[in-house]
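Shared between the two complexes below is subunit A, which has subunit B as its partner in the first and subunit C in the second.
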Partner chain A sequence: MRNLLAGVIVSVAAVLALSSAAIAQTGESQSNQTSKAKSPWKYYPMDRAVGPGGPAPKRDLSGTWAGPGSGAAVPRGTNAQDPTAPPMTPLGQRLFDMHKPIGKYSPAGTNDPHTRYCDPFGFPQNMTDEIRGITITTLADRTFILIQYMNIWREIWTDGRALPTDVESGKDGLDPRYNGYSVGHWEDDYTFVVDTTGLDPNTWATKNGYPHTINAHVQERFHRDSKNDMTLTMTMDDPKLYTKQFFLGEQHFRWIPNQMFDEFNCIPSQVQEYLKEMGDPAGYDLHAAPQRR
Partner chain B sequence: MRNRLTQVILGSLAVFAIASFAFGQEQQARPRPRRQLQPGYVAEGVPEMPNPPGPAPKHDISGAWVGPQNVSRDAMPPMTAAGEAKFKQNHPYVQGGTRDGDPKEYASNDPFIVCDPLGFPRDLLNHAVSSRGGMIFLPGLNRMFIMFEQQRVWREVWMDGRELPKDVDAKGAPDSRYYGYSVGHWDGDNTFVIDTTGFDQRAWLDENGHPKSKNAHIEERYTRADQYNLQLVATLDDPKFYTKPWVFLKANYYWMKDQDFEETLCIPSEGIEYRDTLARPSGISADTSSK
Partner chain C sequence: MKTKAMVIVAFMAGVLAISLPMFAHHGAAAYDMSKPIVLKDAVITEFLWINPHPLIKADYKDEKGNVQHWTMEMGSTPASQLIGWTRTSLKPGDVVTLYVWQAKTGLTVGRFNKVVLADGKTMRDTQTGADNGGRADTGVGRSR
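Then we have the complex of A and B:
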């Protein structure tokens, strides 16, 4: 499936009329894929790993995984798609009120920097939103997560270094990053724990507009359930904005048999063209039913 | 270093008028100390040469490399008529104006103005233009992964013996991609060869607007000369647009001592803000609608 402009509009702008076309396209490719010779270069969402596939290997997450947005019927998990936050502090509420997510404001009214411009999601949103496929691979001193959507990579240092303690003040001599600074360790043979801080303040923590500070601390827990299954749970501690820990959700991943997935990007020029010709002229209605991606 | 808009504009568009604004913005926004240049480095994170370097390990280029540096290319062969026609449609920014003349008269349609994906091989060449960047080679399951500092994008190079796709976008064939489809193998103990095809034609070959067709074939030969030096020769074979193969990049990469890249991103909202609030009002045109 050609997925660039369609992907941008369906996924980011949430135009329902177009999503039905995309679904029809997907359905066609699914029905055809069983009767044609398969290319080793294509992702076939109907080719799915069967069952658990055997016990989980120890201390090993490497490989290419289908996420909940992959079209491979991976369970959606809990909270991650539309997370609910704990009670916010006054500052958190003020920041949250400034964000206009697409679900409420439509493409014309939202100020979501990804929806309007294809700005990077940044972390942690890039691990909860548009989760189609990910590849995990390692060097001796770090683990990399290669994310299908937007073709970006994160690095997680496993050499024992400590996280920076206060990127926000500048004392560390570090700038905040879209992907933050991450360290990881194995808690047991099947659970890899990643801690991240130093997040770029221009990004949203979630697609529905919850904010984060630079010094927010996000923890990811990747659990290898079996050869074919992996579960990710995420929490965020950000006491300046939230009165309690924020549960960012649980997501499931399934092993992709041929280890391939498609290229899937948000293309800024196409989004600008879409907004100019369709999204902005349509305007928005605050009383309309919320749109869902 | 804060490096988003600055890198985009300095590195890729090379418009001097913008540079002062970008630097001013950077200094104003981020009055933070940079990491200091450390003794023994010729550049941040690069070991001084010669150290002396040790011998090259066999079948191993994994790790982070800085470059390309010492960049050169062969003379471009004549383009075909189709290549000339495509080339004329592309209006790049070049230093002091556009390739075609006064920037006030010729709108650049460089897709990277608004941060559309660089694609391969422009991501390689963009590092050469900006003199900043590098990449990480990382072996994985049946593959070599390559991760770039600029844009934090990645490619995968399959090493399981499969053949490249023959004609992308044909019925039943895979879709063309910004970063193409790649296979790799070792030629001897120290040269890693990558063959790539299947390109999305919206991405330019380079910042000058040279085109590449979807079925172009690019060969990269990375030779690890010693512990610290990796030499690249990249050749484009694209008979649709060029009359002969073209060695469009020869360069050296240095082993990065601290193995840790900055995050260098082109942020679309910043690029669009620049275009609309500075470039266009000052008379520099830009037409970034997708083609």
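Then we have the complex of A and C:
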């Protein structure tokens, strides 16, 4: 029996070792695809950048990156999918209690406006939820983040302008936006810092239902770790709702060798069909064990 | 002896599965994951390759000859593609055996487990496609 058990353990360990070794091999990319000819128009999640790929270029995030939902073996990050909020104010708690996130209520019971109607996530949720692929590109006065899920782009001004100070009051003459108003600067040669405010108050800050106000201040720090690696950390200051700074998580991104990703959208008519045929009849069970995502 | 060995394999597979990034938009709390319902000789009526989850629709004739109309959801399209699914994997008229985790509501809807095609080939769900309801896409999307 011992021999058999040992054999099993050795076999599984060997499989793990082989897969690790394969991943650790040097070279630009690793492919587990079949020998079928590949289309230059298609994203191949098993074609993965291997290793750091060289030093990080200075002041450059440009390119197309695989996120944690890409299927490209990108590490999952910290706190990003189901973040834990700091203690909330009474107003924050009241708003939070009104939200019924999908993780607990399933599609049938949630009141998440994205799940039920494909309403935009809005920022910051669109940088933490369904992060499959992003492209970053730069003009002289702006940096754009193009988000694969829902074909969204964010505009980050780098011309030195100041952020609006109080969109909520209307004093700035500005309306809140799904992606808010963003400015960015290089803190050092490898760290690009983006500050955002003026967020649409109908959106949720996180998938698990934490709220934000219009005047919430979100800071993103994009760090280019190497040619193939980028790390994003996000925090939110929203003193009307939270008693301390909210750590929204850390996420990792990996360079996509062929710079392609596939389309993936929430289509309202498809969601209505899904809910009618499947999601609503399936119901929900609040007493079930907690579900991830 | 064999049982113990299988327990170890299952445990290690579980460890692997936990390390995988998740693709699901929601969990499986709405479904009875204790035992899949088997729909032998079910006839596919529609295969909807849609977001957020593809839907398989099939008619199944029970032992009394009554036709049940079933609908079941799969893992998302990008996740399913990673383990070989395409929008043409199932076609109306295909006669197959479907395994499904039925909704706790008792209606004929559920979470797809696996399908055995007419040629004997088995295709599974990404998240609940293992025979015990666990993930079936081990090796895909694993953290480096």
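By definition in this document, the second predicted complex is superposed on the first by the 261 of 293 C-alpha atoms of A that agree within 3 Å, B and C clash if a C-alpha of one lies under 4 Å from a C-alpha of the other, contacts with A are read in each partner's own complex, and residues count from 1 in each chain.
We take it that contacts are C-beta pairs under 8 Å (C-beta built on N, C-alpha and C of every residue); 3 or more make two chains touch, one makes a residue touch a chain.
As the structure is a prediction and not an experimental result, all values here were calculated from the model.
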| item | value |
| --- | --- |
| Subunit A as common anchor, with subunit B and subunit C clashing or fitting | fit |
| Touched partner set for A:D262, first subunit B, second subunit C, both or neither | both |
| Partner chain in contact with A:L91 - subunit B first, subunit C second, else both or neither | neither |
| Subunit B versus subunit C as contact partner of A:Q270, first or second or both or neither | both |
| First, second, both or neither for A:I152, with subunit B first and subunit C second | first |
| Subunit B and subunit C, minimum CA distance [Å, superposed model] | 9 |
| Subunit A residues contacted in one complex by subunit B, in the other by subunit C | 1, 262, 265, 267, 270, 273 |
| Interfacial residue positions of subunit A with respect to subunit C in the complex | 1, 4-5, 8-9, 12, 16, 19, 23, 45-46, 48, 68-76, 81, 102-104, 106-108, 115, 132, 254, 262, 264-267, 270-271, 273-274, 277-279, 281-285, 288-289, 291-293 |
| Touching residues on subunit B, where the partner in the complex is subunit A | 1-2, 30-35, 62-63, 111, 114-117, 138, 140-142, 145, 147, 151-154, 156, 162, 165, 172-175, 177-179, 181, 198, 259, 263, 265, 267-269, 271-272, 288-290 |
| Subunit A-touching residues of subunit C, taken from the complex the two chains share | 1-2, 4-5, 8-9, 12, 16, 21-31, 48, 50-53, 55, 57, 71-73, 76-79, 82, 103-105, 107, 109-111, 139-144 |
| Residue ranges of subunit A touching subunit B (in the complex, touch as defined) | 1-3, 36-37, 39-42, 62-64, 113, 116-120, 135, 137, 139, 141, 144, 146, 151-153, 170, 173, 175, 177-179, 259, 262-263, 265, 267-270, 272-273 |
